[in-house]
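First chain A sits with chain B, and in the next complex the same chain sits with chain C.
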Partner chain A sequence: MKLKPLNPAILFLIMLGIGLQTTFVKSVWLNCIVSLLSILYIIIFRRVKLKTIFIVILVTLPLAFGSWWSFMLFGTTDKWHIAWIYGTRVYAYLLIGSALTLTVSVKQLLFNLAGHLKLSETFVFGLLAAFNLLPRVRQQFKRIQYSAQMRGITYRPWQPGLYLRIIIIALNWSGDLAEAMTSQGFSEGYQRTALQTQRLPKWQWGLTILLLLLYTYCGFILKPW
Partner chain B sequence: MTTTLTVKNLTFAYTDNQPPVLENINFKLALNTFNLLVGPSGCGKSTFFKLLAGLYPEYGGKITAGDILLNDVSVNNIVPFERAKYLAMLFQNPSRQFAMRTVEEQITFALENIQLDRSKIKQRVAWVLSELHLENFTKRELLTLSGGEQQRVALATILALDSQIILLDEPFANVDPVARKQLLHDLKKLQLKHHKTIFITDHDFSNYTGLVDNLYKIENKQLTKGSTKILDKIIFSKQTQQNFGSLHNLTWNNLSLSIHDKILLQPNTLYLPKGQVGLLSGANGVGKSTFFGALTHQTTYEGDIFYQQKLSTKYKRKAWAQIIGLVFQNSTDQFVRLTIAEELNLSKKHSLHPEYWTDSRINDAYQLLNLTNLSKQHIVYQLSGGQQRKLQVLSMLIMAQPVLLLDEPLASLDSTSLNNVLQLIIEVTQALQLSTLIISHQLVEVRPQIDYELEITDKTLHLRRTTNET
Partner chain C sequence: MQTINKNKKGWSIRDVIFLAIIGIFFGIIYQLWSYAYYAIAATPLKAYANDATLGVWIMAGPLAGILLQKVGATVIGELLAAAVEMLLFSSWGASTLISGFIQGIGNELGFAATGYKNWGKLGLLLSTIGSTIITFIWDLFQSGYSSYNFGMLISLFIIRFISIGFFAGVLVYWTKSLLDKTGLIK
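Take a look at the complex of A and B:
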């Protein structure tokens, strides 16, 4: 039997539910379990190369180590435990987030949030357009710098003039795009053909509730080390 | 089902305290015809189209009198998805009309807007793509397409919506002559075969002979009907006299370009002559803008570029920007300040030839470009496309970098403006001994006036050989 991925909307809820609780749960074991399960899920359902996952984990190492080290240095009571909690927490956050971002495309996620969790479609298409324009933004940034240097001005990152230009250009782009979308019939607040979403069987809702309750029970009542 | 589009006593202004842009216009669009709207830049052509499409006043401005009726209902009172079934618009800036990432997704998006049944969407997408011979583009990413290809996809989107009336606001501004002919051919086919009503604004009259049923003009805020006879003049595109100078500062050695592993330009060695204006020609997507990108260090390239025998990478970025001036394809990319006055003053302050650009000379140029009827406190982003273009070119001419690259400085200009801008470019180039290179598709007007023509064909850059072409 072929394993099927969870619906992106469900995955989003699980990530949010567990991620929020992780902030308050003080358990190295739970952080490790969340990280391991997330890695497993990513490896099975990934849309990226294994190498990317490896790099993500590697790049985070200094951050986790830094967090661990600062508690070792400056912690007062129970510093070994606290240091390991914060060190592993960085990975728990990262990997549960990656379980969503490395397995689902932005479009799939937004469409499913709109289809199953009633996210507004105006918001969905606005965001999608923004994501689709991202490759252009970098090019545009270079252009803004060059246009200023040609006229004898150099923008520094702390100068408001730079951001003013970016904002003006973004407004121009979004204005043009909004007009085009209107002309193509996009009407705010009106029915459209239902978006193409993935199936969301009832058992996935059950799984979400079960996982979140289990995490709450372990994190706040059992409290493993 | 017949569609009617009628304009009654329409007066429109951008703000309450400004004079109107259009005044007391009466107009009825004849169905199943091919129509062309002409007029000098800034006269209100785009404004008129956006009003017809119901985008104004929703996105700006105010109708101070009169109304626009689509099937006897005020066009502004019709919900966009209903409106799209009768009328849709194709915009000047090809890349800014897509919400989605791929061609297929984009057309699907439009069809979802008009609530077409999911089961019919796939079929309809396949049908329009085959009608416009875009089958190979189905899965392509929109941002990787050339301007002409993007406009054809936008047209496919409108055809999918099955809009009766198709408005096209300078759809060819960034499109090369071959793609332009193809698009015009597609449009005529839509009129004859699918009974669409076509309405285009354009500055360039070439290739319209025999296509246009009605010609309209906007002059002095009024819409009038003109004679289509002005389109019949057949103009032969003259040959450039190749007079490639030998004095130069900017040279390149084995310069080659590629984009996404696709080779655009084979290794090439040449220079830009001093005190001359050259034309860089070639079909859309051959890499003309990318070539400018390489010379300005905006995009990656292989090979070496030299200025006064010194390797370009040895110059700091800031210094390089003072050597190579670039007039961007999008005017708004150029502007650094908010008003016309600030823009010109900035250039004057940092000009590399302050002795040449005296106040009176700047004023003369300003007058030549016919910008004097504008308040100098006008916000640059609110100028019309043509006015922005002229201001943009002027502010870079005042800067007067020794090498000046202009990417489509003549697009969306009416013929008087076009000649004046070109005249100014030539004058300044000769006076200050600049090395100037222009990308333009207005070959008929440009060729007779310039010194040499470089062409990119078959991935090579070379001086254009003399073959006759119409």
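Take a look at the complex of A and C:
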């Protein structure tokens, strides 16, 4: 039997629901379980190389360690427990987030959010249009810096001139792009036909509710260590 | 056939693209900024790194607010920046979106307190106060600040207010003043 990935919209809901609760749940065990299940899901349905997953986990280690160490040093009560909770929580957050971002493409996610969770299509297509500009935005950022250096200025993140240039570019580009899209027939708030919609079987809604309730039950009633 | 939303209250495709492009620029700035954060965050001073650099991450919201000047612009602006960050730059997923929302709400409350009439100094001041308080309460739970001693909490709160006050307040105000001089936005 071939395993099928969850619908991206469902995955998004699970991620938000568990992520939100994780903020209030104080349990090392639950953090570890969430992390492990997420890793499993990522490995099975990944869109990236195994190496990338490994790097993501490795790069976060110093942050988790920083959290852990900080509570060992500055914590007031029950240092060991608290330090481990917040050390492992960093990973729970990271991995449940990655379970979405490393397994689903941006396009898939946005289309499914629009199709199944009623995200406005103005936002879907606006975001997609802007995302296509990513390489050009990177290039433009360098150009802003170079052109300032020609005049002997180096822009730092605390100088308003940098943001002014960013805003002017965003104004120009967004105007051009919006005009191009509307001239090609993009309409706001009107029904459109979708080329492909990913199915969302009912059992996945059931699974979401089950998982979230289970997490609530374990996190707030059972409260494992 | 009507294709463009002329209603100033609604969100037009142009507004969305505008904020998303600003969000991408911010994503690049965050990347540069995160090296500084990362260097301190790997030590027990992580909480201080959080609070001292937080302002940069919060800028997108109030900037969107004063540029578009409509109800909800601050929250949506911050959410869009968070969505861009989540989808293009990081794998933090849920936490990026959730914290984007919390930060945006804090700022939005400040503008709401002026009845969405003041987008100048007063609005920005209230917005920075709002987001300092709301994000701090959030971190009491999320980052476990409630386990730190009282003195440390006070110092963290002050550092956070300075960071947010400068980046999401003063710097946004300066940028807006420069922009007003160019006359590009009425």
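Following the convention adopted for this analysis, the second predicted complex is superposed on the first by the 220 of 225 C-alpha atoms of A that agree within 3 Å, B and C clash if a C-alpha of one lies under 4 Å from a C-alpha of the other, contacts with A are read in each partner's own complex, and residues count from 1 in each chain.
Criterion: contacts are C-beta pairs under 8 Å (C-beta built on N, C-alpha and C of every residue); 3 or more make two chains touch, one makes a residue touch a chain.
Keep in mind the model is a prediction, meaning the values are calculated, not measured.
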item: Touching partner for A:175 - first (chain B), second (chain C), both, neither; value: both
item: Partner chain(s) touched by A:127 [first = chain B, second = chain C, both, neither]; value: second
item: Touching partner for A:143 - first (chain B), second (chain C), both, neither; value: first
item: Partner chain in contact with A:186 - chain B first, chain C second, else both or neither; value: both
item: Which superposed partner A:225 touches (first chain B, second chain C, both, neither); value: neither
item: Chain B versus chain C as contact partner of A:217, first or second or both or neither; value: neither
item: First (chain B), second (chain C), both or neither touched by A:101; value: second
item: Touched partner set for A:62, first chain B, second chain C, both or neither; value: second
item: Chain touching more of chain A, residue-wise (chain B, chain C); value: C
item: Touching both chain C and chain B, counted on chain A across the two superposed complexes; value: 125, 129, 168-169, 173, 175, 177-178, 181-182, 185-187
item: For the chain A and chain B complex, residues of the former touching the latter; value: 107, 125, 128-129, 132, 135-136, 139-140, 142-154, 165, 168-169, 172-173, 175-187, 190-196
item: Complex interface listing, chain C residues touching chain A; value: 1-5, 10-25, 28-29, 32-33, 38, 41-47, 49, 56, 63, 67, 80, 83-84, 86-88, 90-98, 138, 141-144, 147-149, 152, 166-167, 171-172, 174-175, 177-179, 182, 184-185
item: Contact set on chain A toward chain C in their complex; value: 15-16, 18-20, 23-24, 56, 62-63, 65-67, 69-77, 82, 85-86, 89, 93-94, 96-102, 106, 109, 120, 122-123, 125-127, 129-131, 133-134, 137-138, 141, 157-158, 160-161, 163-164, 166-171, 173-175, 177-178, 181-182, 185-189
item: Residues of chain B that touch chain A when the two form their complex; value: 50, 53-55, 58-59, 79-81, 83-85, 88-89, 91, 93, 95-101, 105, 109-118, 121, 142-143, 157-158, 161, 296, 298, 317-318, 321-322, 325-326, 328, 332-336, 346-347, 349-350, 381, 395-396, 399, 401
